[in-house]
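There's a structure below that I have some questions on.
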Amino acid sequence: MKKFAAWILVLVLGAASTPAFGFPLKAVDTPNDKGKNITLSWTPPAHPPEQWVVLRTEPGKTFTVIDTIGGGLTSYTDENAVNGVKYQYRLAGLGAGGAGIFSDDSQTAAAEPSWFDTGKLNVFIVITLFLALVLYYIAQAQRGKQWSFRPIAGLAAIEEAIGRSTEMGKGVLYIPGVQDIDDIQTIASMIILGNVARMTAKYETPLMVPTNSPAVYTVADEVVKGAYADVGRSDAYRSDMVRYITSEQFAYVAAVNGMMLRERPAANLLLGAFFAESLLLAETGHETGAIQIAGTANVHQLPFFVVACDYTLIGEEYYAASAYLSKDAKLLGSLKASDTIKILLVVVILAGCVLLTLGNPVLAEFFATQ
Amino acid sequence: MTAFFSGMRRLDRRWIFLCVALLVVVPLLTGFHIAPVLPSARSRGFYDAIEKLPPGSTVLLPGDYDPGTIAENYPMHLAAARHLMRRNIKIIAVELYPGGPPLADQVLRIAGAEYKKRDGYDYVNLGYKSGNEAVMSAMGSAGIPRTFPADRSGTPVGKIPVMKGIENFGQIAMIVSVSAGYPGTKEWVQQVVSRYHVPMVAGVTAVSAPEYYPYLQAGQLQGLLGGMAGAAEYEVLVNAPGLATRGMDAQSLAHIFIALMIILGNLAALPQRAPGARK
Amino acid sequence: MKREIPLLISMAAGIFVLIGFFVPHPAIRNIYDDIQGWVIIVVAFTYVLGMANLFRINVDQIQRGAKDWPYKLALVLSMVATMIVGFFFSRGSHYLDDGTAFSWIYLTFYSSMSATMFSLLAFFIASAAFRAFRVRSVEALLLAIAALILIIGRVPIGNMISPHVPQVADWLMEIPQNAAKRGILMGAALGVIATGFRVILGIERTYGSEGGGG
């Protein structure tokens, strides 16, 4: 009953045009959102009340209560504003110490959806610069410009491993990781699979591709089929080369380990996103005597691959694989763009560290994302 | 000595497996105790963050793991539930792994029985939802009741007392994430903590714990439990030693054995010398 | 045309999603959210294809009497039995509730086997440590020393040996390990962006190839 009376008092007083005690209240359209939000902020009085009642009005209407919030807060977001309508707000104290405390009326504010999230400006600049560099170097590659890249032993070993399998009369086992097709590592794995499938088609080496996801199975199957057709060996393609095993992590590992121990492939290519199963796969493969080339961007699995595999592609080496294997000029151009932007980022990091040490956080704050 | 190292070079790895099995099983069966568990700063951060929560507040407890990582995640999940209930903090549990709900049910039931908490009034398990990050994003934008319209047993959330007033992350005091990988802690940080600034602590598997150190250093996580060791440290802090604490003795012996294997492996690889030969 | 249409679709979708990341306006964001929902639906349908592939390969091998065909038969029978139990004998959509036949199968078979497979890591780590931490260079020596410190420092016995052991282990993980990892992560992030651009711009020939290229 007491609380109800307090609410009535607040409504009556809140609707009055001159509050008893004022402090500034700021209302602005919430930035970088899809509209319908207005953010209020204020510096509370020396003795804030137990609670604040948030009052809102629009042209031609009186103040009405929209919410009750804790007295310790200094900001509030109205998430039910109608876009384009000019609202005005007021806070009223409620509960212990709240009687007679009101904020000034805020200036009017209207919610509008934003066309650009300015909080992501730093990401936008880097992405745009990167895209510009990619297009520039692709254009250079098309004009015949060539660059030299450091050799990556693991990538050179892929063709060697496939050749070894052919000589031994055994197959190649290609494991595309355990993530679904929406993961960029799996997409990169499919790209490398295409290159590998072209090689196995040329050398007539059996290829086995067990997949962990039905979506990956459908894509991998098309990639392998397309690769065999690319080199004119559609007759050598078999539909059981690519198979869906299961989506359960350790059941998949058990099945693939079984394939390794039964089929005894001469080469295991573990290229994709891996988690706890990495050592289980790599160690079993080692026991069968296969040459093993692994590549992942999951940093926490790299130590297991480094320990148990013959070659390991670390992080960006894995993503560079398609350019290295295909030697396509445009792909190598994009690799050059990656290197250039990396140099630029290193310079920016060094400059940011120096500036921060000197007490200037401008670069550090600009590149902060959260 | 030379013969010993020569034998080591030809050692069948099944002997190594047998030694590991004995070193792990014997302490678990006999209760053999080696060394006390001392909580680290990261585990203390996890504990202190929950200690600071006001009684009566509501936390989100995502249990994003399945039976594959039960040894690491289950003890920390149970210890967290116990800690939260002891502090009279309400729990909303969700799972993003299809195998997660029965484990979360078990954790909440055990802890609830110990602290006399009631399903629906003090805690609720909203169950599993597929969609990974899309679920987290939807909980913030569309709201938690719209993303999970009913709990695991099918009761509409509008009829569940503990869900009263819970619309989105604005009403969640903290996220206590227990995760095995993807989707899990990293996605909660990226999708929720960075957007809605909800405090968060996490319990993860040992192998993925180093991945979250940057988040801990940046203040996006207030505490971190890494693997069974982290779970054991937390069990000590909440004064409820359980599976993880018992497992640390087995883990200690196994680690000593692996260290020994590294040393012996290197000694075994030393080149052989013929008797009496001089360089 | 067979190659151009998929490329155009992936280019349009990729560019739209990239724009959607930066534009919160509902005109873009609502479609962006819908596309994410479509992905979930499309992926759900691929499960039908996956199951069909599983059945086809295994049933074919059973019929031919291929090597290890009894194991293929066990796979097919257990898969069918689990599906029947899940669909018809486990309270419908509450199939994972406690006490259902499906949850019994799940806990008795799947949970136990899954945890068993994970526990194999303990054995494999020991055998890998014995075989692979051979000190053949300065880098390998540093790796072995760091591994030894971390292995001992991460368990209570490390603190018993000396309180400095866990402190050094923590320092190794928090400083040099974090620094190296951040470098790898940054490089990998650039690789991710480059791969994304290559796919969106259609210059990645393998992805979406239909046998027309060379």
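First chain written, first letter: the chains are A, B and C, and each begins at residue 1.
Operating definition for what follows: contacts are C-beta pairs under 8 Å (C-beta built on N, C-alpha and C of every residue); 3 or more make two chains touch, one makes a residue touch a chain.
Predicted model, so just to flag it, every value in this text is computed and none were measured.
Peer 1: What are the two chains with the top count of C-beta contact pairs?
Peer 2: Comparing chain pairs, contacts are most numerous for A-C.
Peer 1: Which chain has its C-alpha centre farthest away from the C-alpha centre of chain C?
Peer 2: Chain centre farthest from chain C's centre: B.
Peer 1: Indicate the whole-number Å distance between the mean C-alpha point of chain A and the mean C-alpha point of chain C.
Peer 2: Here the centre of chain C sits 15 Å away from the centre of chain A.
Peer 1: Taking the mean of the CA coordinates per chain, how far is chain A from chain B in Å?
Peer 2: The mean C-alpha positions of chain A and chain B differ by 23 Å.
Peer 1: Centroid of chain B to centroid of chain C, CA atoms only: how many Å?
Peer 2: That pair's centroid distance is 19 Å.
Peer 1: Which residues of chain C are in contact with two or more other chains?
Peer 2: 110, 114, 117-118, 125, 127, 129, 131-133, 181
Peer 1: Return the residues of chain A touching two or more other chains; collapse runs of consecutive numbers into ranges.
Peer 2: 249-250, 276, 299
Peer 1: Can you list the residues of chain B that touch 2 or more other chains?
Peer 2: Residues 68-69, 210-211.
Peer 1: Which bits of chain A are touching chain B when the two form their complex?
Peer 2: Residue list for chain A touching chain B: 179, 249-250, 275-276, 299-301, 369-370.
Peer 1: Once bound in the complex, which stretches of chain B touch chain C?
Peer 2: 11, 13, 16-17, 19-21, 24, 34-38, 40, 66-71, 98-99, 101-102, 105, 128, 130-131, 134, 152-154, 206, 210-211, 213-214, 217, 229, 248-249, 251-252, 254-259, 261-266, 269
Peer 1: In their complex, what parts of chain C are in touch with chain B?
Peer 2: 36-37, 40, 94, 96-98, 103, 106-107, 110-112, 114-115, 117-119, 122-123, 125-127, 129-135, 144, 147-148, 151-152, 154-157, 159-160, 166, 170, 173-174, 177-178, 181-182
Peer 1: Give every residue of chain C touching chain A within the complex, in rising order.
Peer 2: Residue positions touching the partner: 18, 21-27, 29, 39, 42-43, 46-51, 53-54, 57, 60, 67-68, 110, 113-114, 117-118, 120-121, 124-125, 127-129, 131-133, 181, 184-188, 190-199, 201, 203-207, 209-214.
Peer 1: Can you tell me which positions in chain A touch chain C when the two form their complex?
Peer 2: My answer: residues 32-35, 113-117, 120, 123-124, 127, 130-131, 134, 138, 180-182, 184, 187-188, 190-191, 193-195, 213-215, 217-218, 223, 225-230, 234, 240, 243-245, 248-251, 253-254, 262, 276, 279-280, 283, 286, 297, 299, 302, 304, 307-308, 314-316, 318-320, 322, 326, 328, 330-331, 334-335, 337-338, 341-342, 345.
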